Amino acid sequence: MQIGLVKGTLTATAKAERLTGQKLMVVDVIDAAGKVIVPSLVAVDTCGAGVGDGVMLTQGSAARMAAGLSAAPIDLAIIAVVDRVSVDT
Amino acid sequence: MQIGLVKGTLTATAKAERLTGQKLMVVDVIDAAGKVIVPSLVAVDTCGAGVGDGVMLTQGSAARMAAGLSAAPIDLAIIAVVDRVSVDT
Amino acid sequence: MQIGLVKGTLTATAKAERLTGQKLMVVDVIDAAGKVIVPSLVAVDTCGAGVGDGVMLTQGSAARMAAGLSAAPIDLAIIAVVDRVSVDT
Amino acid sequence: MQIGLVKGTLTATAKAERLTGQKLMVVDVIDAAGKVIVPSLVAVDTCGAGVGDGVMLTQGSAARMAAGLSAAPIDLAIIAVVDRVSVDT
Amino acid sequence: MQIGLVKGTLTATAKAERLTGQKLMVVDVIDAAGKVIVPSLVAVDTCGAGVGDGVMLTQGSAARMAAGLSAAPIDLAIIAVVDRVSVDT
């Protein structure tokens, strides 16, 4: 999984039917020190995350194993809101 | 998912049978500010996207979960035309 | 999918049984202007592509959805010979 | 698979239900000489790894084939604690 | 697939049960000219490859389609020992 920072939201009217009702968040992938590794991915939120939250992201087929998403055409999901990252430096 | 900008189209006569009738769009993956992250991918369009549109892309097995594509040999699909990206800066 | 340029061929005697009879092509992934993005991948050809051809590549589980390859241990296939890439610049 | 170095842990209260009870480790992907290739990924531990251990990581659907994880929304798992890497230089 | 060069071996006592008896090789991904593209991946060998051999690697779910590996938690396998790469330059 990857550590992410929620930066904003994405809205779309013309979209795949199975995306209806899903909250689409714009997230940067970051490292443990907060440096951006990959900018501006879009993830379905399954945890009630908000802008500014640190989150854990899962990608690929794993994203569809989060609650209620098994048939959605998605490849990235927020599966946790991070409380703490403890790293030995 | 990734944010994309539709740049053009790709045409091919000799191709996998299950690609017949699919619209193949050339897309750049971009960040929320419009900077190109990955150039010149090819995606199947499932949303009526046109050149110049901002879109949302899904990759891997997720691309085949869009409408009518479950048996196509594809790894990238346009699943939304983006109305708005709102990002905290 | 990705745009590729066929650069050559790869031959191997000791190989997975299900690769027998497959044509293995060395391909560079390129952008719409012909610049190399990823060099020297190896793809199974399903379209009669030859050295020097522009092709469309599909990766991951999608590669096994091309004709006759469902049980082969492959992660990249040529699924089209490109006639034309039209890009707005 | 990739060689990793366990750097720390991640804790989260709001998370996907199937993550409950899983130990989430922060790992850097490293090369055989110890240089960091990808920083700060998060992996489920299936081997009793601790901070400072060299480990082997598997990603994608393979991560869910480790013991007891078939339905978890995970894309990275620690599947071995490394005893020795022997490389010809 | 990718072209690889076998650099060494990895040994581990604490590991996923389904890795028992598998030969784990440390490989660099290289281009057709031998330049390293990605260093120090770990692949299961299915072809009797040795240190110094040029090999073909398959990743993701494809790695588990090689002989006898369908339930192993692996994401990279050696599926051929390369005899020759012929590239137009």
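Letters A, B, C, D and E mark the chains as written, and numbering starts fresh at 1 in each.
In this text, a contact is a pair of C-beta atoms (placed from the backbone, for glycine too) under 8 Å apart; a residue touches a chain by one contact, two chains touch by 3 or more.
Worth saying up front: this structure is predicted, and the values here are computed from it rather than measured.
Peer 1: From chain A, count the fewest steps through touching chains until chain E is reached.
Peer 2: Step count on the best path from chain A to chain E: 2.
Peer 1: Just to be sure I understand the contacts, which chains border both chain D and chain C?
Peer 2: Touching chain C as well as chain D, we find E.
Peer 1: What whole-number Å value describes the gap between the mean CA coordinates of chain B and chain D?
Peer 2: For chain B versus chain D, the centre distance works out to 31 Å.
Peer 1: Between chain B and chain C, tell me the centre distance in angstrom, where each centre is the average of that chain's C-alpha atoms.
Peer 2: Chain centroid spacing, chain B to chain C, equals 19 Å.
Peer 1: Residues of chain C touching 2+ other chains?
Peer 2: 60-61, 63
Peer 1: Beginning with chain A and continuing through chain B, what order do the ring chains follow?
Peer 2: Read cyclically, starting with chain A and passing chain B second, the order is A, B, C, E, D.
Peer 1: Which of the residues in chain E come into contact with chain C in the complex?
Peer 2: 1-3, 30-33, 37, 46-49, 56, 58-63, 65-67, 77, 79-88
Peer 1: Mind listing the chain E positions that touch chain D in their complex?
Peer 2: Residues 7-19, 24, 26, 38-43, 51-52, 60-61, 63-64, 71-76.
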